[in-house]
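You will see chain A twice below: alongside chain B first, and alongside chain C after that.
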Partner chain A sequence: MSRGWIVVWQHHNEMLHGLLNTMWLAALAAVASLILGALLAMVLMSRLRPVVRIATIFIDAMRCVPFLLLAYFVYYGLPSLGLTLDNWTAGLSSLIAYNTGYMAELLVAAWRSLPADTIEAAHAFGFHGFGVFRRIVLPPVLLNAAPMIGNQVIQIVKDSAFLTIIAVAELTHAAAGIQSTYYVPFAAFVAAVLLYWLLCLGVEQFVGVAEAAAGRRR
Partner chain B sequence: MSFYDWLSLLQGAGVTVLLSLSGIAIGLPLGLILAVVHWLRVPVLAPLVALYVSIVRAAPAVTLALLIFFALPSAGIEIAPIPAGIATLAISTSAFDCEIFRGGLLAFPRDQVEAALAFGMPALLRFRRIILPQMLHTVRPALINEMTLLIKASPAIAVTGVVDITRAAVRIGADTYEPLPPMMAALVLYSLFVLLFVIMQRSTERRLRREALA
Partner chain C sequence: MTTPLLEVGGLRKSFGDNVVLDGIDITVARGETVCVLGPSGAGKSTLLRCLNWLEKPDAGVIRLGGERIGMRAGGNVSMRDAELARMRTRMGMVFQHFALWPHLTVLHNLMEAPVYVQRRPRAEVRAEAEALLEKVGLADKRDAFPARLSGGQKQRVGIARALAMRPELLLFDEPTSALDPELVGEVLSVMADLRRDGMTMLIVTHEMGFAREAANRIVFIDRGRLVEEAVPEAFFTAPQTERARQFLARYAGTLSGSTLARMPA
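Showing the complex of A and B:
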């Protein structure tokens, strides 16, 4: 057993490289899906019936499909429609598409619980369209939804592990690489699980600090 | 897609259903036991449960599946792909179930426990007759939600070589050079499976709302 830990330690550069890639993937996917999710939430809260219907279908589809199937679809399926992506682009864009649906859903839930008089007051003060959204709606919605957004970011980190199957060099891929060369499965995968754990604790800490900071500014 | 392709896809669906349901069936009682241990603040065990829940909740299903399938044999325990897949899903869902059960236990109204105490009910009877039935009722929607998440994490077990819906669809796509039809069929199969749970959830939520009104 101790040989395993020595081997993993000798290859800590590869593990850290994988961890860094996981962090990059998750951070990019989180920011992009949050922005796209906010736009999608705007669409869902609008009164444009046909567009709302299309957005709802998209979200329902994302909620029904397992992430790995979506990643396979983007990587293996889209080329037959004439769109070929390398494994990194395919992995990242499927992470973004998948989580945009979830982000939109939880932002809409927070939006619906917003008191209507705030928005009416904004109208009375002459705010219109996107201005209302950016200045009046978005700040409290983001603040109220912060814990849910944090949970979703953790979900993104966990989903990114699926991308090892399409050979994206993230943390699980690094661990699997070390294990298949030196046959040290226990140490390699336990190390990976512990690194994921630290990463998720970090995300929770970050959300807590951000919430406290936003609370102080209010 | 030929008839044979459909057959292998349905076989994959059978595997997904079998593994998901087995994972749920093992994960639920395990999660309940963990939640009770944590809730009763059992010395030594309760902090261990908290640590287990924290780590397992952060562990991706793929990584967990690789750990169980490859590491157990190196510790001298031979494990076949199907049991390894069930163990992965059960362990990963048990941590989430534990948190749901614990939330239900913490939210349980104190006065009912006190009333049961006043009637002289011993602890085990109190738990079995008063707390458990009502708690199970309130946490059901959250549990069903977790079941749908488990189904969507289930393709992770493909790393052990099990051929589930996703794996079968990818294989057919690679054989026929037409990946889209099997993937669409897989999406429909997953949606139907998830839909069953969503319907179950909606009907429980409706019943809860009716009972709240009554």
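Showing the complex of A and C:
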């Protein structure tokens, strides 16, 4: 077993490289899906019936498709429709599309629980259109939804591991590469698990800060 | 004779079959304090909410300083959101349940609309906001969040927030109805100060003592109609209509000036 740890240590550069890629993927996917999710939440809260229906169909579709299948489809399936993406772009877009729906839903839930009169006050004080959303709705929604957003980011970190199947050089891919070359499955996978765990702890730190800020306002 | 600050003519509003405002006419002159009284469900809050178009009236004309609100001058075309928003900034509104923005500190509640709606210079807005907090006795709470304040403090912030817009008219929607009785006085006392400063105010209230003491004029509304309009002394001592008499009889207990007794000097 100690040979396994030595091998993993000898290849710590590849592991760190994988970790860094996972962090990039997750960070980009989290930020993009949060921004797109916020825009989608605006659509869902609007009174534009037909657009709301389309958005709802998109969210339901994303919720009911296994992420692995979506990644397969985007990478291997879309070229049949004339859209060929490299593995990074395919992986990242899958992560973003998949999580935008979830982000939108949890933001809508937080939005609905805002006191209606604070939004009415915004109108009475001359805010209109996007300004109401940007200044009065979004900040408390983000604060109140922070724990749910944190969970979703952790989900993104974990889902990014699936992207090994389309050869994205993320953490799981690095660990699998080391173990298959040197046959050190225990050490390679435990090392990867520990690194994922550290990532999640990092995310929880962020959530903790946001929750403290929300708590001061409650 | 100068134009009245607020002119309301033939204001109507129904929710489904329920006629809430059935043709209301009101004028408010600059510097006047007008209290709107009436039983619950008489349409008082709807009236206020129609004035700044939070509720879209079915019919009627509203003018602020001679300018049409809600509809383009002369025509039957609704204002665009941006135009309506600009008109709304000229009327401050104080809400029954305060409606402070919970994510902002007290100071930033005051600064939010002047900075992001009126686009006034931040430093100037901040100085003015601090002075307003001083005025309502909450200078020490400027960095607190609304959730940490008592009801009376929240409503004083609500008033200061409305004043920070430099409005020409203040609308009060039952500003003390959500307060514990012992906190009513501090809010009424701020409102009485504003009256002395010459602020124009239209106040929906159930505080009879305050209305009698502070209003220039009482407007009594029942079932969506303006039933009686008089100076407070006349309204409270010699109401002209049966409905006003009945209403006052029900409030007899609060007429003794008990509210004013609660007001700090």
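In this section, the second predicted complex is superposed on the first by the 210 of 218 C-alpha atoms of A that agree within 3 Å, B and C clash if a C-alpha of one lies under 4 Å from a C-alpha of the other, contacts with A are read in each partner's own complex, and residues count from 1 in each chain.
Operating definition for what follows: a residue touches a chain if its C-beta (ideal position, glycine included) is under 8 Å from a C-beta of that chain, and two chains touch if they have at least 3 such contacts.
It should be emphasised that the depicted structure is a prediction, and the values quoted were computed from it without experimental measurement.
Colleague: Using the touch definition from the top, say if A:F73 reaches chain B (first), chain C (second), both or neither.
Modeller: A:F73 sits against chain B, while chain C stays out of touch.
Colleague: Mind working out whether A:A124 is in touch with chain B, chain C, both or neither, as first, second, both or neither?
Modeller: A:A124 contacts chain C only, not chain B.
Colleague: Between chain B (first) and chain C (second), which, if any, makes contact with A:W9: first, second, both or neither?
Modeller: So A:W9 meets neither chain B nor chain C here.
Colleague: Decide which partner touches more residues of chain A, taking chain B and chain C as the two options.
Modeller: Result: the larger residue contact count on chain A belongs to B.
Colleague: When the two structures are overlaid on chain A, which partner does A:F206 contact: first (chain B), second (chain C), both, or neither?
Modeller: neither
Colleague: After the superposition on A, what does A:L143 contact: first (chain B), second (chain C), both or neither?
Modeller: Touch partner of A:L143: chain C, not chain B.
Colleague: Would you sort A:T164 into first (chain B), second (chain C), both or neither based on which partner it touches?
Modeller: The first partner, chain B, only.
Colleague: In the superposed arrangement, what residues of chain A touch both chain B and chain C?
Modeller: In chain A, no position sits in both the chain B and chain C interfaces.
Colleague: What residues on chain A touch chain B, complex-wise?
Modeller: Against chain B, the touching part of chain A is residues 61, 63-69, 72-73, 76-77, 80-81, 154, 157-162, 164-165, 171-172, 175-176, 179, 183, 185-186, 189-190, 192-194, 196-197, 199-201.
Colleague: So in the complex, the part of chain B that touches chain A is made up of which residues?
Modeller: 54-55, 57-64, 66-67, 70-71, 73-75, 151-156, 158-159, 165-166, 169-170, 173-174, 177-180, 183, 186-187, 190-191, 194-195
Colleague: Would you mind writing out the residues of chain A in touch with chain C in their complex?
Modeller: Of all residues in chain A, those touching chain C are 115, 117-118, 120-129, 131, 135-136, 139-140, 143, 216-218.
Colleague: Chain A touches which residues of chain C in the complex?
Modeller: Chain C residues touching chain A: 52, 54, 81-82, 84-86, 88-89, 91, 93, 95, 97, 99-103, 112-113, 116-118, 145-147, 161, 165.
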